[in-house]
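Next up: some structures, all given as structure tokens.
In what comes next, subunit A is part of two complexes: it sits with subunit B in the first one and with subunit C in the second one.
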Partner chain A sequence: MDTAALSAWVREFARLVRENRELLTDLDAAIGDGDHGLNMDRGLTAVTAALDAHPPDSPSALFKLAGMTLISKVGGASGPLYGTAFLRMAAAADTVVDAPGFAKVLRAGLDGVAARGKATPGDKTMLDALSPAVDALDDALTAGEPFAGALAAAVQAAEEGREATIPLVARKGRASYLGERSAGHADPGATSVTLLLTAAAATLTGP
Partner chain B sequence: MTVGLVVVSHSHPLARAAVALAAEMASAPVTIEIAAGMDESTFGTDAVAIAAAMTAADSGDGVVVLMDLGSAVLSAELALELLDAAARSRVVLCAGPLVEGLVAATVAAAAGAGRSEVAEEARAGLAGKVAQVGGSAPSGGTSSAPSPGAATPPGGTSSAPTFSPGVAVPSASAGPPTPADLDAASTVSGAPPGREVTVTVADPHGLHARPAARLVTEVRRRDVRVTLRNATTGSAWVPASSLSAVATLGALQGHHLSVRASGPAADAVTARIVALVSSPDVPPSPAAASGASSGIAIGPAVRWRPADVSPVSRAGHSAGSFAGDSAGSLAADSAGSLAKDPAGSLAGDLVSDAAAEEDRLAEALAAVREEIGRFRSPIFDAHLLLLDDLAGLTQDRIASGAAAPPAWTAAVDQLAARFEALSYPYLRGRAADVRALGDQVLRELLGLPAAGPAGSGVLVAPDLTPAQAAALDPARITGVVLAGGSPTSHAAILLKARGIPAVTGAGPAVLSIPDGTLVALDGTGEVAVDPPAALLASFRARAEAAAARNAQSLMRASAPARTRSGTPITVAANIGSLADARAAAANGADEAGLVRTEFLFLDRDTAPTVDDQAAAYRSIAEALGGRRITLRTLDAGSDKPLPYLPAPSEANPALGLRGLRHSLAHPDLLTTQLLAMARVARETPISVMFPMVTTVGELLAARHLLDKALAGSEPPGLRVGMMVEVPAAALHTAEFAPHVDFFSIGTNDLTQYTLATERGNPALAALSHGLHPAVLDLITTVCTNAQSKPVAVCGELAADEQAAPKLIAAGVRELSVAPAFVPLVKEIVRAT
Partner chain C sequence: MKKLVNDPADVISDALLGFAAAHPEVRVDHEHRVVVRGDAPVRGKVGLVSGGGSGHEPLHAGFVGPGMLDAACAGEIFTSPVPDQMVAATRAVDGGAGVLHIVKNYTGDVMNFEMAAELAEAGTGVSVTAVVTDDDVAVQDSLYTAGRRGVGVTVLVEKLAGAAAEQGRPLAGVADVARKVNANGRSMGVALTSCTVPAAGKPTFDLPPGEMEVGIGIHGEPGRRRVPVAPASEIADMLVSPILADLDYTGSPVIAFVNGMGATPLIELYVMFHEVGHLLAKAGVPVARSLVGPYITSLDMAGCSVTLLRADEELLRLWDAPVRTPALRWGV
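Up next, the complex of A and B:
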């Protein structure tokens, strides 16, 4: 995968977030401050504009541009969380990213989110979708599945992780103020991170 | 050592208000950078902006960062990673509460504490509140802090002791103090050895934030270790170097405060603390009182009141409607339909268009915001925030069908009630602010007439806008005392022009003078509140002497004025309206030395035509009996924009596109004005004067347009001159002289530009007041290099008793002053 392919992934993520903006915002309104969809859309729209204005010349530059734009433009907690993910991905990316390389990049992003948010699985956060997705990607690739199949497995794991957040009581972020009342709704961050994986499956193919 | 602070918040207004609150406490400048909000109204945090703020706040001694919640913390942590390692090592992210922590951190930073100590102070910021309202202090926040008195050796000065709220255990004694209690205090464990003194708290608000901050600052600055204890409540001993700790004392008026100090400066610091605690806190005043408009006034204090809408407000509150008896008469003019409706009908029935009501509210709010914005004080920032709160509450009601006025009134009542329910009187006072603001907006909503003084006498006010000053009736308002303002502000100039004695910069204390209290003022800067008989007699004698002098000068006003050595001096009038022109004639003005033509251009939707302007100039000349009138071309700029000529906003209008610069940028406007002047110049003696000239090129460009307007035939009585306000023009007078018939020095602007001193800034009143020697030097330069062209002064200094003789000695031959001052200035000339 080259810079163009990875750019297409990021752009597809932006498009999906735009398409699901109201859903994300509604989910967040149920348990948080109701701005996740708006914030992510604002940030990713800025990312798309930045890609247009300064086309990156390497995967690393692409992720760095996305990360720096998100930390500055999103506004909510998803800004530093997604921003950290992309910045760590930038540090982990090689010049050309192959399938194992992509898994490595995504795991670096996961580690960044975990370090930044200090959340653990089960806290009802984006980690609850991202963490099983990265594990599934690794497992599938190790088992010799083709990249497309591995990505599909990752999306499935993310979706299951997202669904699993519904009964959880939030222990991090604004939703944690609601205590028991945060149960019964899917976590918006887990939902948007599922879109990130969905976008990867839709745009990325093997090396 | 100056540690910088960074405030990270989702909301920019929240951060700004917190900083304003904290800045009140700072005994020395502290750099506080804000990284908050995506913009003024969008919540959010931006790690890149936070990193920039960290860099900006760090002068090398490090930075302490206070954050609100959620993404503020995450973004601040991420921002750290964006800094280089050296800068990152100097940044401390502090888990302290945003508001209380910021106040405590500001005091500590102002006192020169290091970054870890500043952060520790901020983390302990909740201690005072916890002590006041109960509950437990957050655990863990100060876990690394040593207990008071335990880790720091007595008398140690290497670092101020830190304070941990968790260990502040009240002593067993309670109730009113007895000598035995006070003795016992010295034996409480944890109290360091040293001299002990007990002092009674004098301030009505107790040892509140400002005096507490001053106390902490005194302690931190000196080589001393001080602990305090509230002997009345039997509190624990706490370190006086910690604002958070001092706040836990809950020291109210009348409480006995025990002070123990050790170390080299113990005696001196104890004396300072005793002085601080035993006298009421006096809020800092920006500047000493300055005389703004000469004369004597004696009369009862009256206040500036908005038109009294409180009956309306009360009717809305008690009857659940907007149409009480008392409201009827007030609202009748502009809101007749409201008043005619029976009580109870208004809240729901009349409104069909929520959008229109929203617009109506938005317009009223915008008007009030503009009014408040003119005061440019942090106090009024808080008012702006209150307006936002009230607007939100009102919009909800409008959305559910209420008309704007009752929705607004209900919102005001709701918020005021919230403040009134608080137990602390100081906070209950905020309810009055809410209601005053509420009345102000309601007045706008209902289109009620403008505010005015509530009675006759000496007006006491925070400050006046030019419009308010211009509207005062000298027959009712005999004098003005302003808490703020400056003697060279436009409001002061207007008061002077109208002959109303005034003192500016008298400090906020004058605002608490009760209505009706006798106030005597001397326009040289003296104010006496409820003066004793002897002082009052002195004011009366001065008033009589002034009246006698006025009477004499008026008798001789129309005669020409010569100095004692026989030099004739033209005493002219500055005119801004036809009424001024009539007053100038009545007061014996020899000419109109400055006609401010702006009055023709303001408050209209289109520029005045040649015919409009010619008619106005003609009537001014007629009012002055055909005496020469000096017409200044339009002196506009971005500080006084014209509706039909929108000006781009400028960072510094006084140094921007104004005066002749503005006119040359709009040559059609200038040409129209010059055509009107040329037309009238064929009928009566006219001088054309260009303002704010900087270069000879500008002057020649303006003269070229004038030549075209004259179409080749120059009327014999026409003279052309320029104003000297820019120091560059004064220094190069000789180069301008061949191209003008006269110079006129605008001393207000020349002073402002020479001394780099904004004329409306009350903190600089002392600098901009009077004739500075450097300004006199420039005036002398103009007179020396004018090549026999006459030099006039048309600024406020021309009417100044001290300055006028110096101006004449420098070579000035015309003094142009406010019409009311013409007779007096002629007397000054005759005495020179």
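Up next, the complex of A and C:
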């Protein structure tokens, strides 16, 4: 996958977030402060504009531009978390990203989210979708699945992880202030990060 | 939604234009959305920077001026500002004695201020200390949450640490005052209605007419429990009792702060202050100073919060020190 293919992935993520802006905001209103869709849409719109204005010349430059833009534009908790994820992905990306390289990039992003947010799986955060998705991608590629099938497995794992946040009681972020009342709703961050995987499956066809 | 706005997307920029026009004694960096004290940086004085999501006005920009903050960063509504803003504010107020960041304990605010402190220190060598406020007793079990929220005590920290900085105390001393205020202050709030974020256009949560939310924060997040609306005397008890249960105030003079959440009229806040005073007298807690009004709000939410600060002689002297800001002004 070259810079153009990976740019298409980031743009598709922006499009999906725009399309699901109300859903993300409603999920956040239920257990947070009701701005996740608005903030992510604002940040990713800025990322798309930055890609138009300064087309990156490498996967690393692409992810760095996305990360810096998100940190500068999103605010809240999502800005540092998604921003750190993309900056770590930039550091892990080779000039041309093959299937195992993509898994490595995604895992670097996951590690960045965990380090910045100090959350662990089960806290009802974006990690609950991202972590099983990265594991599923690794497992499928190791088992010799073609890239498309491995991405499909990652999407499925993310969706299952997202659904599994519904009964959880939040232990991080603003949702944690609700205690038991945070149960019964999907986590907005787990929902938006599932869109990142969905966008990958829709745009990336492999090396 | 009925609001005095143009395009909801422009509400913060538009409000900052008005703020700048109304208060020529402060400087407004519209690009970064940072409000800076007019004479900043003050040579040899510790600079105080705070900031947070917008929608809590007058917090924080209304508290920029001599005796309080040197700069305030305005984020999107209820959303932490970004590190770029905090770095710009830190540079603008660095008078050579270091900069104190006053951060309300919310996941996003803490992460963005952490990144900003790293960037500012790496960029210019300015020495930054952060103090995080977390006074909200509604959040009970900090092992399983992001910890207590920073609410009403933040106003008192900004006033008292601001006075300490104005006296010329060094960064460590100003940070100590801020930590002492946070450690000795507790708050609890109640909402009678939700609030409406302009860009969302509808109330953040549903609250039936006969009910209220006890233990709310300041971002329109629902509270800990929902109960039928009650007389002010009972509501005061719901707010004061958990505070007194959390910290021993017996015999210690307090600064008592009854804060409006945005849509509650002052007359109701005074009714509440009377009830709070009554409860404190019964508990043997003397009120040494008071503050009543909407100072840390949640857009158009109706309701109030109570903050009680155990205050020794030092804190009372700092409280009485002159302050000259758009929203808090005395002794000048």
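For this structure, a couple of remarks:
In the analysis below, the second predicted complex is superposed on the first by the 207 of 207 C-alpha atoms of A that agree within 3 Å, B and C clash if a C-alpha of one lies under 4 Å from a C-alpha of the other, contacts with A are read in each partner's own complex, and residues count from 1 in each chain.
Everything that follows uses one rule, which is that a residue touches a chain if its C-beta (ideal position, glycine included) is under 8 Å from a C-beta of that chain, and two chains touch if they have at least 3 such contacts.
Just so we're clear, the structure is a prediction, and the values are computed from it rather than from any experiment.
By the touch criterion defined above, A:Asn39 lies against subunit B and subunit C together after alignment on the C-alpha atoms of chain A. By the touch criterion stated above, A:Ala29 is placed in contact with subunit C alone, subunit B being left untouched. After overlaying the two complexes on the shared chain, residue contacts for A:Gly173 are found with subunit B and with subunit C alike. Of the two partners subunit B and subunit C, more residues of subunit A are touched by C. Once the two complexes are overlaid on the shared chain, A:Thr205 sits clear of subunit B and of subunit C alike. In the superposed model, A:Lys73 makes contact with both subunit B and subunit C. Comparing the two interfaces of subunit A, the one with subunit B and the one with subunit C have residues 33, 35, 39, 42, 71-81, 116-117, 173-174 in common. Of all residues in subunit A, only 25, 29, 32-35, 38-39, 42, 71-81, 116-117, 169-174, 176-179, 181 touch subunit C in the complex they form.
Partner subunit B is touched in their complex by these residues of subunit A: 33, 35, 39, 42, 68, 71-81, 83-84, 87, 116-117, 173-174. Subunit B contributes residues 10, 38, 42-49, 69-71, 74-75, 77-78, 81 to its touches with subunit A in the complex.
Of all the residues in subunit C, the ones that touch subunit A in their complex are 53, 75-84, 106-108, 111-112, 115, 138-141, 144-146, 149, 197, 199-200, 204-205, 217, 219-222, 224.
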